[in-house]
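This report concerns only the one structure given below.
Letters are used for the chains, namely A, B, C and D, taken in the order the chains are written, and counting of residues starts over at 1 for each.
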């Protein structure tokens, strides 16, 4: 238990929140409504989240962030569908049309969680796969390189996501 | 109509397993085989859910859940091994 | 009710088609990184659509399918990214058609600095 | 259903042969993981979900990690270069 900051009510709130999410997964999986069963599972979820929760801080939630998060999920899903149609178009042709290369882009995001979500989103979007992360530079394998310079590639690959993520994690 | 379409879908997923297995046998390096294994695992999750649907047993879904949680563990282990970590 | 089942079956069919295309891409692409592009993207959308379609076809399992989708979507890019990084580090070659490799120079510098740390 | 069982059995044998014939040890470990993936689906078809779940957890997760760890340890003692 790394309770370096000591006990605060905010940390207790985070622990209870994580436990509620865990119980939510359990109920979604088993559809149980038995009271004793839920009591035991709730106790176990509290123990597990108390063991693993380290941070005592909760990000400030504003309506704008919530709206941008929902818009981001929609944008990401559209990007995933587009990337799949792109891959399908390439795969079914007799001679695969590719022009691959590894380019470097730069991000403006500061928060580690935001950077992780950005890297995973890049992996899921059309024709790009994040290979390595060094500091605030991402090395990206691009299946159809149209711009080798850092600024142009940044504009084409990450700008669309950064617009949302800067608000959510800013 | 719907039943027929679901059966066709399961057969297509099975064909995907066969195609990815060919890459597994051919793949020149260990990393190529690991990519093929990753693809096979994800297709197998869908295949297990199809089997659960055809036999109509909810307990079979637990196997798919275990694969959903553990599928990336083997790939990450191989990646760490290649990097010289582990 | 019957309409929802039919829609679910069609979605599952499209999803399994994407799964097959992902496997075909893994077979046909010329080098590891391009294979990974096909293998990660197509199978992610394929499993989302297949599981969602089965959830609509067999409505009692809808929530279980959502849990499975959550795990599949979060773990898939992580494994792909870690494997791509390791593969480039051990020097698995890119295909001849490659036009640019910016990471090679950065990794060369990192190897030099590691060697200097180890040497004394 | 019977056809699927036979196909999975053949796939298991092929994967096991690949595992035996490969010279690269990491690739052989990955092939062993593939054997347990097919075995798990086969157990499921033979109506043994508990065995399939155990096979999935042990075969896909634990045995891959432990095999790779063992290969790593062995190699670092036998090879003297670099």
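Throughout what follows, a contact is a pair of C-beta atoms (placed from the backbone, for glycine too) under 8 Å apart; a residue touches a chain by one contact, two chains touch by 3 or more.
None of these values were measured; they are calculated from a predicted model.
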> So, what's the distance in Å between the C-alpha centres of subunit D and subunit A?
Replying inline: 31
> How many angstrom lie between the CA centroids of subunit A and subunit C, rounded to a whole number?
Replying inline: 15
> At what distance in angstrom does the C-alpha mean of subunit C lie from that of subunit B?
Replying inline: 12
> Counting only residues that touch at least 2 other chains, which ones in subunit C make the list?
Replying inline: 22, 24, 36, 44, 46, 64, 67, 78, 80, 85
>> By the touch rule stated above, which residues of subunit D touch at least two different other chains?
In response: none
>> Give me the residue numbers in subunit B that touch at least two other chains, ranges are fine.
In response: 17, 29, 34, 65, 71, 78, 80, 82
> Touch graph of the chains shown: is it line, ring, star, complete or other?
Replying inline: line
> Tell me, which pairs of chains are in touch?
Replying inline: A-C, B-C, B-D
> subunit C touches which residues of subunit B in the complex?
Replying inline: 1-3, 5-6, 8-10, 12-13, 15-17, 19-20, 22-23, 29, 31-32, 34-36, 38-39, 42-43, 45-46, 49-50, 53, 58, 61, 64-65, 68-69, 71-72, 75-76, 78-80, 82-83
> What residues of subunit B sit close enough to touch subunit D in their complex?
Replying inline: 14, 17, 21, 24-25, 27, 29-30, 33-34, 37, 40-41, 44, 47-48, 51, 55, 57, 59-60, 62-63, 66-67, 70-71, 73-74, 77-78, 80-82, 86
> Which part of subunit A faces subunit C closely enough to touch in the complex?
Replying inline: 25, 28-29, 31, 80-81, 83-84, 87-88, 90-92, 96, 98-104, 119-120, 123-124, 127, 129-132, 134, 139, 141, 143, 145, 148
>> Under the definition above, what is the set of subunit C residues touching subunit A in their complex?
In response: 18, 21-22, 24-25, 28-31, 33-34, 36-38, 40-42, 44-46, 48, 63-64, 66-67, 77-78, 80-81, 84-85, 88, 94-95, 97-104, 106
> Which of the residues in subunit D come into contact with subunit B in the complex?
Replying inline: 4, 11, 14-15, 18, 24, 26-27, 29-31, 33-34, 37, 40-41, 44-45, 47, 49, 52-53, 56-57, 60-61, 64-65, 68-69, 71-72
